[in-house]
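Before anything else, here's the structure in question.
Chain naming follows the written order as A, B, C, D and E, and within any one chain the residues start at number 1.
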Amino acid sequence: MSKLELRNISKSYVRDKKTFSVLDDITISVGEGEFVTLIGPSGSGKSTMFRLIGGVETPDRGQVLIGGRDVTGVRGLISYMPQQASLFPWMTVRDNIVSALEIAGAARGEARASAEDWLRRIELDSVAGEYPHVLSGGMQQRISFLRALLMPRDVMCLDEPFAALDALTRTEMQRWLLKLWEDQRRSVLFVTHSIEEALTLSDRIYVLSPAPARVLREITVPFERPRRADVWTLPAFTALKRDILALLGEGDGDSDAI
Amino acid sequence: MSKLELRNISKSYVRDKKTFSVLDDITISVGEGEFVTLIGPSGSGKSTMFRLIGGVETPDRGQVLIGGRDVTGVRGLISYMPQQASLFPWMTVRDNIVSALEIAGAARGEARASAEDWLRRIELDSVAGEYPHVLSGGMQQRISFLRALLMPRDVMCLDEPFAALDALTRTEMQRWLLKLWEDQRRSVLFVTHSIEEALTLSDRIYVLSPAPARVLREITVPFERPRRADVWTLPAFTALKRDILALLGEGDGDSDAI
Amino acid sequence: GNNGSKDAASPSAPATDSPSASPESSKPLKEVKVVLDWTPNTNHTGLYVARDKGFWEKRGLKVEIVQPPETGASQMVASGAAQFGVGYQEDLTLGRENGVPLVSLAAIIQHNTSGFASPVAKNIKSPKDFEGKTYGGWGSPVEQAVIETLMKEQGADPSKVKIVNIGTADYFTAVKRDIDFAWIYYAWTGVESETRKENLNMVWMKDYDKRLDYYTPLLMTGEKMIQNDPDVVRAFTEGAAEGYKFAIDHPDEAADVLIQAVPELNKDLVRASQKWLSSKYQDDAPRWGEQKKEVWEGYADWMTQHGIMKKKLNFDEMFTNEFLPK
Amino acid sequence: MGNNVWRRVWPPAVSFVAFVALWQLSCSIFKIDPWILPSPAKIAVHLAEDAPAWSRHLAATLRLVLSGLALGVATGIAVAVVLHLMPLVRSAVSPFIIAFQNVPIIALGPLLMIWFGFGLTPKLILLTLVCFFPVAWSMLAGLGRTEPHLREYLEMIGSTKWDILRRLELPASLPFLVSGLKIAVTYSVSTAMWAEWLGADKGIGYYLIIKFKGYDITAVFGAVICIVTLSLALYGLAALLERRIVYWRPRSRAGRAGDAK
Amino acid sequence: MGNNVWRRVWPPAVSFVAFVALWQLSCSIFKIDPWILPSPAKIAVHLAEDAPAWSRHLAATLRLVLSGLALGVATGIAVAVVLHLMPLVRSAVSPFIIAFQNVPIIALGPLLMIWFGFGLTPKLILLTLVCFFPVAWSMLAGLGRTEPHLREYLEMIGSTKWDILRRLELPASLPFLVSGLKIAVTYSVSTAMWAEWLGADKGIGYYLIIKFKGYDITAVFGAVICIVTLSLALYGLAALLERRIVYWRPRSRAGRAGDAK
């Protein structure tokens, strides 16, 4: 049984009295301990999908299931890591984590202990008392990821968490995340624009068309776990990348796109 | 003779009464019609180098030469494309270009004609009268590049022009820029964090160390011009990428970095 | 009086004189300003009459009547921003003490028509009834002294009066709140209370101490004016005198002149007030505006006695009857 | 669209009607004296009857306010540009300007009259001053708070100081200027009231005071309504101007949710 | 550091000394009457002599201002939060609030006295009102202008409305609140002057008027200096509070030029 399932979800927005279809009969699933990536062009509706899973919006048609239960429109069941680190600038690093855990229902003392513990484990205990603005972008994303990881929730949704980082820091963050995740094996739904990032991190990839988004292809990534750092040098990697590029180019209807 | 040359440039900043050395005896050159890329970790001083070339700051030691002439501290000799498109929100697309050309000394009518002409050539004449905020990020960068291209100056400096774009749009923009540049063959100094971007676009690459920046290696990119879109699938590409990654990792002194 | 009289504007000329008869008619009119002490009211009727009936014009003056800042007219006159002003004896005396060179030209009302008013229900009929009551004032040291004087006269204890500052609030507001009695001009507030049928008791100050029967309001000018432009001063004073004379003789017409000049005024109040006030302008004096040295001395004496004033003043410099029509 | 306007209009409309009705009712039921609180009906009747008078006064006030605004905005812009271009002058005089800004009008008004006499001058000075400060400060803030990346771009391509002022700083400070103008507008009306209290023979403030001293509270309320209306109208105009001037700004963000930053 | 402070201090210091010297000189040379423009020396002597009197009055004003500020800020915050949480109420009442804000103090003051009598009540109401508006509007703006990505984050992890208010909106609106406070502080002092003019028996405004009416312009200038000082001191305190409250904001950007956004 899959941990998270979206069944035949459709969603459209009304803007300026016109209806824009954003998601068109999308069905995807994330298994227990699986790392699944959504890749698709900008504006194809990936964040919208996350808002549906988070219960912040409700679909026009279809259901969201978590652990087999229909939770369409129910909030507070997922942990979330956004594109920008979204740390609260008026809280210290530690309090940012504690605050999120409290919202998720943890007691303050417990939340604090677990935050301290994990900050030490990922060697960030030295910045626990700092305000986020003194941290580099990469550090902020580490904290943001830790905050998502510690929430006692079944599914983690990561929405382009590294898009705002420079290319080198980004590569470094991917390695870091991979190591942490492979220890923990949480169920993750991940959104990215980068084909390499998708191939490096995930077990499965859904390639989406431009809006209204449909699933163009579901790709199972064949590389073994734990994943090697130089997985991108494998010929299979290049082949898959070429496939996905072609898919996205054709879905775009623009031969010049990639 | 090279178009642009930096000779033994050193530069340091004073912050909180302490001196930070940013550039340490840097020597680089860009030949006539050559596309040269600087790659280096964040904060290594790449933008500082551009400010020195632009004459906005002066080096502690060393000289900047353009066309063989010492122009250290002289402004108004380069055209520039920044990371963010930096279009003026209160001007239409056309006026943004015209205004830049006027600053470079062109007459208004002439500037206008050439702007109109080029906008048509790159098929953006439909947005010539729009304000920048209605354009997508990729479109804005195209305008920004055109603005740099049309300035009647010998050297173009592009400072991470695609860093703010998503990965797919970025790939698309690289292709577009490559096509335009290969027609024009201007002398370009380009900054990026992305090894692939550097390898895809340039003739030569300078790999920089973290601050204080030194040139770790100068790499000549062997792929022929005009460059194929799938140059990244070549084994030589992968090999070079691995080399540069190793260089940056070691220069960083952090084995975990890449 | 300290000025030799020079007959320029023929003060005895009757009001019916045609303007061309005036020796200065060929010259352009001399422009001067008179600044009031308050919003326009019946104390000022004579001025509006003089302006609108041409009493000044035929004497070669073009007079503009201007409103005062809340801080009063005196500084404006002293600084020369206005040539003439409406003031009070207490004010002028204090100003003199501080070296502000003001001179009184004429008493607009011969006797003090101000006093302490209270609603009938409060049963304040004489100063001894002030005991245990609350007085609403504007924070001048004079007020306390006046109350003290009046009460001592009757052997009452002034310390039993509570004094509260009511600033710009008016009598009617005050007595409906925490205040029992306030200092008013009968001609305006008292008459308004008659028209409202909110009857009030008056305690007239002049009934308890002659020295408090001082000149309020009066016309004033600066010392420099008298030195440099005595003709203008004379023309102004005579015109004003003629205006007030008219108001004395024709209260209804005079009221209409004021109403026409300042149409925003409460018409009924102006008419009633004018009726009450017209006979009080000159009262028992030989001519309108006449001032007596005893009044100036007496009041200054009283102020000195109460420690409000410290310097000795030369009263002859403070007022003059010189410019009044013969 | 129409639906949208309607949804924005009805809550205040309903509450306005309710408010007026409540006011009228309590005046009739509790028989509140008109000198304490006149009923809306009385005020309306009075306003209608006295229209020639107050409209003349209102026009005078409007003229005063507009002249003061024009002068204040002009000097505000000029001073802001000068101070912006000369940082030394700026640091030398801005403490004075700040101190001067804190001189209470209540003291300044009479002093201005002592110094400048009657007539328009002191009133205009007062109004100009009061409009000057918010305009100058906002403009100065705007000139200093241009996007760093745009400035960097202009410097890199070799713009002169004048180019930067003309092409970047002035246009970028326009929104700040209009927001300063919005503040100045409200100040200017209330200061005009005060200036008219200081000595005037026309203007709605003068009308208000005369009515106050003539114990006509109904007319006072009428005058207050005129003043508030004038104030709101001018503010509305300034807000309209703001929307016209920052035409280049997107009205809503919904249209660009999917865009790269 | 010391060097830096010195560079910021000397231009105003020099210009201040020059200004005072010029003033003193022109008073002596042109023999300006002290009741038109007293010389700085005279004012200083007078201030020193009359210190017991004006300091008592200043203290009274300070008490009034602080009470008004406290009340105004408290109601401002409360109203802003309520209006923020109830958009319908907000759209129903905010036109009223705006209209009411435009009622000139010059009319409001006397009316408040009619309604609430003498003593502290009307003055406190006036001051509270005057502090209320900027605080409420700034706070409301702050509550509505939280970073969308932070709000999105909280919604996504399932925060309640109360969580969002407590963890995001209130802290995020603190800087807006203090900037509203800074405006309120300046208003409150000048309004206190006005309230004391309306009727009071203590306070520096009262002192000023009495001295004005007593032709003691030297004392008036002294009072103005006291008022300006009070005003600046309170403003400085508010600015200090602002710096303390937004401690989480980086003071300068230089240190992070090389960081990823």
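The rule we apply is simple: a residue touches a chain if its C-beta (ideal position, glycine included) is under 8 Å from a C-beta of that chain, and two chains touch if they have at least 3 such contacts.
Chain-to-protein mapping (UniProt): A, B = ABC transporter ATP-binding protein; D, E = ABC transporter permease.
Worth saying up front: this structure is predicted, and the values here are computed from it rather than measured.
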> Going only between touching chains, how few steps reach subunit D from subunit C?
Replying inline: 1
> Which chain pair shows the largest tally of C-beta contacts?
Replying inline: D-E
> Measuring from the mean C-alpha position of subunit B to the mean C-alpha position of subunit D, what distance in angstrom results?
Replying inline: 48
> Taking each chain's centre as its mean C-alpha position, how far apart are subunit D and subunit E in Å?
Replying inline: 18
> Per the centroid of Cα atoms for each chain, what is the distance between subunit C and subunit E, given in Å?
Replying inline: 41
> What residues in subunit B touch two or more of the other chains?
Replying inline: 42, 136, 166, 169
> Got the subunit C residues that touch at least 2 other chains?
Replying inline: 70-71, 75, 79, 173
> Considering subunit E alone, which of its residues make contact with at least two other chains?
Replying inline: 36, 110, 114, 197, 212, 217, 259-260
> Which bits of subunit A are touching subunit E when the two form their complex?
Replying inline: 50-51, 54-56, 75-80, 82-84, 86, 88-91, 99-100, 103-104, 131-134, 136-138, 151, 157, 164-166, 169
> Which subunit B residues qualify as touching subunit A in the complex?
Replying inline: 41-42, 136, 160, 163, 166-169, 171-172, 175-176, 192-195, 197, 229-230, 232-233, 238, 242, 245, 248, 256-258
>> Give the list of subunit C residues in touch with subunit E in this complex.
In response: 70-72, 74-75, 78-79, 91, 94-95, 98-100, 136, 138-140, 163-169, 173-174, 177-179
>> Can you tell me which positions in subunit C touch subunit D when the two form their complex?
In response: 33, 35, 38-41, 64-71, 75-76, 79, 81-82, 170, 172-173, 176, 192, 262-266, 269
> For subunit E, which residues count as touching subunit D in their complex?
Replying inline: 8, 11-12, 14-16, 19, 36-37, 88, 91-96, 98-99, 101-107, 110-111, 114-115, 186, 189-190, 193-194, 197, 205, 208, 212, 217, 220, 223-224, 227-228, 231-232, 235
